[in-house]
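Look at the two complexes coming up: subunit A is in both, with subunit B in one and subunit C in the other.
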Partner chain A sequence: MSKTETGSPGKMGKWTRRAFIGAGVVAGSALVVGVAVRPGNPIDRLSPMLADGKDEQLLNAWVKVDADNIVTAVIPHVEMGQGVYTALAQMLADEMDADWNKVQILEAPADKQYVSDSIGRDFLFPDLEVPALFEPTVAGGILELAQAMGLQFTGGSYSVRATGQRAMRTAGAAAREMLVAAAASEWQVPAGEITTADSMILHAGSGKAEPFSKFALAAAEQSLPAKPTLKSPENYKIMGQSKARHDIPGKVDGSAIFGIDANVPGMKYAAVKAAPVVGATVESMDATTARTMPGVLQILNMGDFVAVVADGYWQAQQALNSIDTKYSKTEGDSLDQEALFARYATHLDEAGENGGDVETEEGDVGKGFAEAVTKVEAEYKVPFLAHATMEPMNCTAWVRDGKCDVWSGHQAPVNARQAAADAAGLAFEDVTYHNAFLGGGFGRRSESDNIIMATRIAKATGYPVKMIWSREEDTAQDHYRPSATSRFQGGLDKDGKAVSWSNIHTHLFDPKDAPTVPYYNIASHKIRKVDVPTQLRFGPWRSVDHSQHGFFIESFVDEMAHAAGKDGYAFRRELLAGSPRHLKVLDTAAKMSGWGSALPERHGRGIAFVPSFGSIVAQVAEVDMSGPKPKVTKVYVAADPGFVINPDGFTAQMESAIVYGLTAALYGEISIKNGEVQQSNFHDYPMLRINEMPEVEVALINGDHKRLGGGGEPGLPPIAPAVTNAIFAATGTRVRELPLSKHSFA
Partner chain B sequence: MKTLRSLACLAPILLAACGADPAPGPVEQIIVREAGAKTAAPAPAAATGDAAGALIAEGKAAFANCSACHAVAKDAPNGAGPNLFAIVDQPAGQVAGFAYSDALKASGITWTAAELDGFIADPSAKIPGTTMITGAIADAATRQAVIAYLESITAN
Partner chain C sequence: MIKLNVNGQTREVDVDPATPILWVVRENLEMTGTKFGCGIAQCGACTVHLDGKPVRSCSTPISAADGKAIATIEGIAGEDGTLHRVQQAWIEAQVPQCGYCQSGQIMSATALLQKNPNPTDAQIDAAMAGNVCRCGMYGRIRAAIKAAAGQPATGEKAV
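Then we have the complex of A and B:
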């Protein structure tokens, strides 16, 4: 098992079969604490997987201490550039009083024991408050549910706020208490006189000082702390610090292994092309040329896609390109962009004043709107978006002798393993899933289509095959962020105060609160949705529904402010009156930006405010509209995720969310013609260039250390409306449809 | 199409939970060659087959270090670096239409094999201030091969 020390990080620890087989020599007893381990005793199965030497004792599900006094944090989440390894290890190490320079990180195997029940709890019962962390019935029940669904999932900006807060910290604190108890009994001193620091156990009175490892065995015999005491923020030593990211050195020196780097002896390569219209099947393929091309081993018509297997990837792709394929007709063949938006409009029209599904309702919007002095109405549209992960979709699979090995980078490794098992027609236990770094996830890698395809190909060939999608395939066969239309009616009273808010929109995916505005103090509001069928596959896309609704809501708030004759910042302040935590975020962003100060001709400032995934974020964008296309020159961000575990990492997430969200706002559009996606590669699905990147300034606020919010997604929703509101300020033109490249501002 | 799914019920999770998807095998499987079987011997990379040819072929392969930035075909456009067609024995900084650094323009170098060797080994040491900031080749034998390849690309 390869390992990383913080001091000299190189290759990241990954689960290997060897480690698993090395199990036999595990010594000592082991102890499990933590909420993600099922009551019962999973230790027989877990300890052999964690320990690869006889000197090591498993301390609990998220941490082990070995004879060198190295503390290994076992992270049940995947690293896709968001820095989760580091942040979660910080949470564990701090509670444990571990020496940060002697902390190693190991990604948990794709084993059902590692499903994060804290995530399960937040997904399933978001409002459930569980005072004690060890609630066997609740935790046990959730774990079973989570296991049933195969949740070992990295997404929803959940890692730090759920697994970190509830599992890693608890595990660290419990481990520490057990080590202290073991030392107390050996030294015959009260546990209360013992202190810990830098992976050492100390007793001031007698001058005794020993490393954690000395008591690892004895600690395992201690009784399980019922409720380990967690530190309060003034005692944090590692949390709140910008510790260097564990995954970065390997990414800089090239030693980091991504899914696409899988290397299996005897492996061949596959290129694939799926039917361009979802639901169509391959009717015929003419492979006359392909079979004569160099390196070609097999040509497969898999029904829903064609694959060429060859000695090299390029050979496979070239041969694939030469194949003439005919597809079956589907109902979706006639679908195009305009017709789709027309279909959205029809469904919205049909829902009328009272139809559709009500999502939230408070007060009487009908009355509120009727009595309003000023009425504002608007309709907004956003397109489908692809994920465009830098690492193209890929998967390597090997199916033989009733077993299957699969290598990829997946946001939900347990699901990937199950998907491979189903595709291979094998039991879950017969599949070993090897997860690697993800070269971008953004939600795309929570889907298992690539896993299933590769496993099917490998099953047909019998030898290991690495399937790599071309960028064209990646763009045309994504699970897209849904396109959507949203309509609003808002009412203002004689003082220009918002009194009614009514919204109806197409689709609701996740999270449920995305279209709602509970933080804005508006007397009556009603929010509805209509479902409109399309054949395109939808998938979660960084910040999911907040990516559309952030734009819709914050554009409309700006329109209401304008109608009220008020400044966008001042108007939002009124709506947030009575929520000091929200106000502080809004005020911070406005203040940083010098809100209200003069700007040159055709320059403008826009503000947007979106709480999502438990974090509150406000952004002010500055645009320069003096040229032919919008130039975003500066973005000021204020964010309150409760407590920031790693400020540098969190700031990077805010910045990267702006890169991703601004790309979408400026250019992002997947459009459909004759049922097919029209875009194929970066020339027609462009990314933000470095010269277009605004300067970003981030202020972090620790508003409530007990309720943490996420970091990966909340930076995204405000950027589009901040920019379009700024464009309005600069030009008087209101943008109601994204992307901006559709509009001319000359 | 399911339009209403919560994150807890993302497609793969549904799939995992139900195990519903049967995995169809191939409708048509054309086996052109078994995985272990040898492919028809490819034409040798260098037609000449002699030692010089082999060195040039090796250099051509090693030029992959350079080709992201440099074209070598006659009249091919400049990339991040200038076109290196027939560069050997030419004065530095003379390729039309390329915006050289002042350092390289003022270097006064003529690209003999020896000068090239020094430059490719460590561009910034040879010409402090050059904008060729990556692409160095540390291995002397590989440099010789690359230079042999560049020498083979001449006007005639």
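Then we have the complex of A and C:
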């Protein structure tokens, strides 16, 4: 929580508060600290983007108060259904004592000033603890780094726990203190006698009561509070409440605008087909038929892809389908899935007992395993996965007169703006990026390939073009969740207690702690990785590496429990002994499920426990294996994210992550043949549907209000192993390779 | 020129009769509430009503709408703007997340309730299984349909 009264970190130049106040703008939170130390006065440039009327006063970078006493929270993240607009606004409004019914929400413009320093910092230094005195320096330094990385990023389940906790709350509290100071000065009473509630400033002694708006201008002249005081949980009024999401009304009447809905006067439509093997280029194309088709305006060989521009999207796609394209040969043409898994096996074999990169090591795992009374070994595999956002990738661009406008829905708008600038050959400042709602993100919309393609097309045409990918293109040209193989050796002592844990796996993408099990009390453990090159593009996929390692780790824990002759729940309790917060989550899920009670024949329960993104989650799945394929009937979830800002919103995230993870566990597989992705649409890359939806029951635990965890991703990693552990309980068959559709349980 | 009845209004468009309803509605009529998801009637994001029956507009040519009434998500609220009881139930249950599939979900649900005022779970499954929700809000969709089924019809107009 930084505050800069004297901040003048290093070479970034000295700033004074007065300089900002002189601009009619007050800075008051961690993020503004970083902005403030940059040369020039960036707030001046930002102000017109946020406050267009002279009646509006920008209080600080995250909040404005207008003449009608409407408090607008400026959200430096994007909405993709995770409810971030609402949750972050709740955090700001609560600290400010704003009237929730008069709070509005505005997504921050794609400007580098909004790069989130707290996110950059957590990416770069996840465990950094900084004495308060040095916070301004660190925050400023991190901001510069974050800006260099172009982060204004929504992902990593970071919004609430980083931006919300560190920036939105501070901004709200600072704004409130400045309003109070302004009122105290006007009313000539001590600030300590003034209270605030529902966007009003009150003085009990004199009976004075005025809206925030009355003091908005005067507040901007106040000096910054040295350290805004944040509320403690017993004083929360808006945080911890299931406030209805602000974005929902527009999503039931068709009025919500997604990237694909951009409407630019005079725009044309493009359909595209990229080379099916990554790295290949268009060698030749026969577009004889396409040229004669109605509405076709241009047929473009872009080297790595072909684009048809037409009056309508359907016309463009029809014409594109008629083009016969030959692609160059690449080294990747011979790649197929079996060969890839064989390549993983070779690399793992070559690493042997001591090769590969050591990620964590504690104790002597070799000795532990050698001396173990019971030894357990297993290998697990997971496939590539596509994101399959409901809204196919798209982007609208217009490049003309040295300027470029781009419309899309992106998880990192600043990245998108930079990507468009690079593709158009223009400066960042010459590009305006317009972000819309995201029809699903899940990590896919953190990549900018669509932005670059649309900008290149628009540069070639000179008029505005909306590029839409077909579902087939969306499936075949994703940045995939990597396929991976993971091998384990575990040792148990004579009492069936886990004493050694050795793991070696392919790939490590992010986050770094995904393969590790620091919460499990095992005397010796060693975790290694080997890198295996493939030409497929990787990208973050909801819960990122936890999606693989949650399955690997919690399957193997279950195998060790079975080898120890113990129940999976009881075995995990032993491993978590001494960690009451973890145990509470595990116990809650087990208790909800009626763990241990009788189930019908070929029904089973499985438990899994995965802390990720700062939140602790345990799940119990119930399966019915009496039919031809697995049916998941119930999922019980216990989750502790520290403190839940919006319980219904968080619950919805758990439900959503379970479906996303269960879809992958049941069906998800992108396979490669001759270098090409074989799947194309929902018939061969199937989705879970309503008739397969399990009942989901969620219990939320506020375990530590000072350390918030994420919400969007942590519900995902436990579901696959909870289900496969339940299948083992029901059938005695251990599933070591996903998806389940590859297996027969008859 | 093809003459259409969309949400009770007469519209004329000059398009190839083979053009799917989806693209005519989105591009020619500039009503973007109806969404493109898969193009092969596998996901239901493009669901509209044709004479009250749900159809996948991505795979239904505009010629099929000749002489019939098209209803889209923009047209199901009452004349006075009162939301359809299904839309209200959707807000009550906080159904949408990303929201992209929800126009199609709501069009399937309204068609279901019109035909079957009190659907069972199995009937809800049968009517809604063609609509994919990648955010996985199926539990809330089911709850909202049941809540709407118990409500008097509000904001609905004959189509």
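Operating definition for what follows: the second predicted complex is superposed on the first by the 700 of 746 C-alpha atoms of A that agree within 3 Å, B and C clash if a C-alpha of one lies under 4 Å from a C-alpha of the other, contacts with A are read in each partner's own complex, and residues count from 1 in each chain.
One rule holds for everything that comes next: a residue touches a chain if its C-beta (ideal position, glycine included) is under 8 Å from a C-beta of that chain, and two chains touch if they have at least 3 such contacts.
Owing to the predicted nature of the structure, the values given are computational and were not obtained by experimental measurement.
**Student:** Looking at the superposed three-chain arrangement on subunit A, would you call subunit B and subunit C a clash or a fit?
**Tutor:** Taken together on subunit A, subunit C would clash with subunit B, as the superposition shows.
**Student:** Return first, second, both or neither, reflecting whether A:Ser656 touches subunit B, subunit C, both chains, or no partner chain.
**Tutor:** second
**Student:** Scan A:Ser448 for contacts with subunit B and subunit C and give back first, second, both or neither.
**Tutor:** Once the two structures are laid over each other on A, A:Ser448 reaches subunit B alone.
**Student:** On the A-aligned overlay, A:Glu391 touches which partner chain: subunit B = first, subunit C = second, or both, or neither?
**Tutor:** A:Glu391 sits against subunit C, while subunit B stays out of touch.
**Student:** What is the contact status of A:Thr325 with respect to subunit B (first) and subunit C (second): first, second, both, or neither?
**Tutor:** neither
**Student:** In the overlay, answer first, second, both or neither for which of subunit B and subunit C A:Pro294 touches.
**Tutor:** both
**Student:** For subunit B, sort through 8-16, 62-70 or 98-106 and name the stretch that clashes with subunit C after the overlay.
**Tutor:** 62-70
**Student:** Can you list the residues of subunit A that meet both subunit B and subunit C?
**Tutor:** 294
**Student:** Which of the residues in subunit C come into contact with subunit A in the complex?
**Tutor:** 15-16, 19-20, 23, 27-28, 30-40, 42-43, 45, 72-74, 77, 83, 87, 90-91, 94-103, 106, 124-126, 128-142
**Student:** Mind pulling up the subunit A residues that touch subunit C in the complex?
**Tutor:** Those residues of subunit A that touch subunit C are 80-83, 244-245, 247-258, 260-261, 263, 269, 294, 312-315, 317, 388-392, 437-442, 468, 470-471, 648-649, 652, 655-660, 663, 681-683, 687-691, 693, 695-696.
**Student:** Show me the residue ranges of subunit A that touch subunit B in the complex, using the header's touch definition.
**Tutor:** Touch residues, subunit A against subunit B: 120, 123-124, 148-151, 153, 155-156, 266, 268, 282, 285, 287, 291, 294-304, 311, 412, 414-416, 418-419, 421-425, 446-448, 452, 455-456, 459-461, 463, 479, 482, 507-512, 531-540, 544.
**Student:** If we count contacts the way the header does, which residues on subunit B are in touch with subunit A in the complex?
**Tutor:** Result: residues 1-13, 15-17, 19, 21-35, 39, 42 of subunit B touch subunit A.
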